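What follows is a set of structures for review.
Same chain, two partners: subunit A is paired with subunit B first, then with subunit C.
So, the complex of A and B:
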């Protein structure tokens, strides 16, 4: 097992490097250059060339890439072309809000989705089942931005219960309860979409497991129905559910670009859009690195979780 | 061994609602089981044997079946069918235990043998985890599992089919049940293991003095094990008697057919006998005797009415019009 984990971690290194190379070349190939945004009417052609030279943009792409790598190993991600801040600082400011939102969404949608899925599977064709199918249908068929707009219309515009966007009401009122109030709507819009998936996965996995012989035996042993469902059946149904959750994590760590835009959430999604518009290569690379690492770590975590959940995978 | 009746099943009827109509899977089965008795329940696939076992445990509702009112399952004077689910749940595994047909899938793959055994023992006794573990260990030794300490910590996929079945037997008997329902306990095992498992069941029956309902479609298994035999066909009991009666002088044409289809070493046969036809579709209404289409001794009356259960002099009972004259008593079910 230890050997396996070590192997998995070592394999992450070339994957990570490959990923950075790919994104570096692709983003450099897009038309437009960071210099475009810095040109002022007073500048002549020589001045622009001078600027390009200063930023190292006149060198071949692979040289630029190796320079970027070299700096990376020195722990330097470079400076943002747009704000001139260190990339670490720009991203660091955004990671917090994104993680707060997405982790909340993850927890809420897992709890909600798995609970409702189990309920639906235990009582097929009951009111719970109908409710679960309905919600998962709405969640997976309606785009998040539409749900977000509907929620804003009702809860912010009509009822005036909740703010339309932002993270805090003002710089001075940055209390926890204020943050909570701002998080309700984005959390609901994002959770509804992802829990739809979890509900369906949980329901079908539970239904399958409940037809198994060992569930029948657990009942015949006189175990209480609660224990049969939540210990014997759910534990076996966890595997496909974990897979499903694992696949949605990469989408969440990068922050939802659309939802963050709608609610003016100061997260990674918003930063990413800004950086792409300004051809802010160092920041784009920084964000890519962060997402790549997060995805690789999630995959590793999922594999380990499989082994914990299913002894058959362990050896 | 006392002669008192331990479990009495009367007019047990279980049906399923299906798309094509109501399916009476068990259609009026009655039998009595004495302490320490082994009752062999024989019949081909789909005759309602397993549904009957699940109905006795009152688990059939979880699988879409319904026990019809008027049925009765009495264990030591307690009417099980009227028992609330909570009480019934306490009784399952404690007084009536079950062994199922596929040992490889009957143990939960994600828990160790130890955990599954301790869980059962703790559920039905006052033992704490450490005592329960000792108890489990002693039972695993009794069912002949070598290196018990090591096996306890293993997962079901690390055990062979025979080992799994031994664990299941140990688990089922660890709470010393009064009745053990063994639903085709050896079907999934190869023949040498089969014999060992049956031996084990017989030995442990004597130790715990449990009655066993041995459900099987293997005539060889009942021949070696059972005291009494009940032959089922299409949800009904068609013949009942002691082992010797049923094997030496079977009455019902179906039983005769079943016995004729057992391969014999002492005769040279080119082709094994088979009862013609298939099990009838139970969702359809049948006029007369349900076995009529496949029977080779059909008489005129068979087409007109379904035969009741005739009790003949020897004590055997049979559901066939051929024995109307010889009947000493008619039990209409």
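So, the complex of A and C:
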């Protein structure tokens, strides 16, 4: 087991280096340098050179990347070109809202998807099955931003039930119920797409498990159908569902960038879009790093969960 | 030789038969063909101009002159949907083709050769699949400059992993087939084994992946254009037309400026996915959906 965990952790290192290096080199390939934005008419060529030197931009790219890595391990991600704040501070303010939103979406879509998937697998080719499969199909074909806009149009503009965006109505009204009201539409627009995968996975995993001997055995013992379904069958169908959770995280992060932008959610997604428009590379790099770490950690967590659920994998 | 050709035709005929019986896929195919014809032919039948703004006709609701009204600078929304379709569909198809051109050979190599080649390729696939594509797409599109051409390149070069994974697993089973062993025993070189004997028998998942990739690329393009990082105005795409709805007044008061573009986008993506689903059922009769 120890060896398994160690192996998983060791694999993460090249992935992390590869990902950050890729984004670093790419953002440095952009035409125009961050210094351009800081040049004032009074500055001479030497001042510009001085500025480039201070920012370390006169060195080869790989040296800059290693410098970036070195500073990273000292907990320094540099300063935002846009706000001049430390990148850690700018991103730090945004992590909370993004985590709240994405974790809610993750939980909602797993619960919703697994429930519908089980329902569909209980009675294959029934009306419920068709509905669930149809929903999963349409859900994953719909662009989240269009769903979001349609939801805003109906529920915020026409019916005036829910707010059009933001996280709280005002600075003073930061109550839990206010937060919930603001979360409803972003959560629905993201969950519709991501629950589709869970519906499909759960359905096929359950169908496979339902034919097994131990399910027949459980039925033969006279257990109630609900116990057979949720205790005996679903537990063994969990493995592919866990894989699905791990695979859905990158999509979730991508989806949250667009959804945050629409709802003006003060998270990392809006910051990312802002930073890309302003070419604020330290922040882009910082966000990339946080996302990479988050993705790698969830993958590790899923691998461990996998090993817990399935003893055969540990060897 | 003649028998061989005949057997192939039987498989093809059976596959077409299975596809035609998949009613949803057939309907979707018809819708798509009609849509593509409309996008290609309408500009030469009707007098459509997606670029020029009509003075005094800003934000006009649908009427006889403009079927779907005009946008905030007085451009014909219907014309923009038709021309936007050209951009969105060509980005989707070309990017999916680039992805296939990269992903299929890699999958073939990874499946055929054991050892280092396989682990390097499959590890690369893992890395690319574990990272949120949108983040890299955003950075890359900014580097290359936001345009339809760079979107094709970016989405294509990032979208090869699905092909590689499926071709790889298919090749693993095909390479054990007796006809491959027979060809090997006659002294066929590796390249010939791969291209002539294995690849044709591992192609079925490629067509399925291709259609899902087209749909995925259209979604990605519209998402990036919606964020303002993709195809730039005045060039229309469905994504940057829906972007107009980010201004609250357009969202509330002028649904014609964004809802039709969204509906066309959704219908297109759903239909392409259904066609892909039909292809999967037709090409791999063992899989029951």
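Going forward, the second predicted complex is superposed on the first by the 297 of 315 C-alpha atoms of A that agree within 3 Å, B and C clash if a C-alpha of one lies under 4 Å from a C-alpha of the other, contacts with A are read in each partner's own complex, and residues count from 1 in each chain.
To be clear about the criterion, a residue touches a chain if its C-beta (ideal position, glycine included) is under 8 Å from a C-beta of that chain, and two chains touch if they have at least 3 such contacts.
Here the structure is a predicted model, which is why all the values come from computation and not from measurement.
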Subunit C versus subunit B on the shared subunit A, clash or fit after superposition: fit
Partner chain(s) touched by A:310 [first = subunit B, second = subunit C, both, neither]: first
Touching partner for A:232 - first (subunit B), second (subunit C), both, neither: first
Superposition-derived comparison: subunit B or subunit C, residues of subunit A touched: C
First (subunit B), second (subunit C), both or neither touched by A:41: neither
Touching partner for A:60 - first (subunit B), second (subunit C), both, neither: neither
Once both complexes are placed on the shared chain, angle at subunit A toward subunit B and subunit C, C-alpha, multiple of 10 degrees: 80
First, second, both or neither for A:214, with subunit B first and subunit C second: first
Which of subunit B and subunit C A:258 touches, first, second, both or neither: second
Subunit B versus subunit C as contact partner of A:288, first or second or both or neither: second
Touched partner set for A:223, first subunit B, second subunit C, both or neither: first
Partner chain(s) touched by A:142 [first = subunit B, second = subunit C, both, neither]: second
Subunit B versus subunit C - smallest C-alpha distance in the overlay, whole Å: 16
Subunit B and subunit C contact sites that coincide on subunit A, given as residue numbers: none
Contact footprint of subunit C on subunit A as seen in their complex: 15, 18-19, 22-23, 26-27, 29-31, 137-138, 140-146, 149-150, 152-153, 157, 164, 247, 250-251, 253-254, 257-258, 261-262, 272-273, 276-277, 279, 284, 287-288, 291-292, 295-296, 299
Subunit A residues touching subunit B - in the complex, by the definition given at the top: 212-214, 216-225, 232, 235-236, 309-312
Complex contact set, residues of subunit B against subunit A: 57, 59, 62-63, 89-94, 97-98, 100, 102, 105-112, 119-120, 123-124, 155, 157, 168, 171-172
Partner subunit A, residues of subunit C touching it in the complex: 126-127, 129-136, 138-140, 142-143, 145, 215, 219, 222-223, 226-229, 242, 245-246, 248, 251-252, 255, 258-259, 262, 265-266, 269-270, 273-274, 277
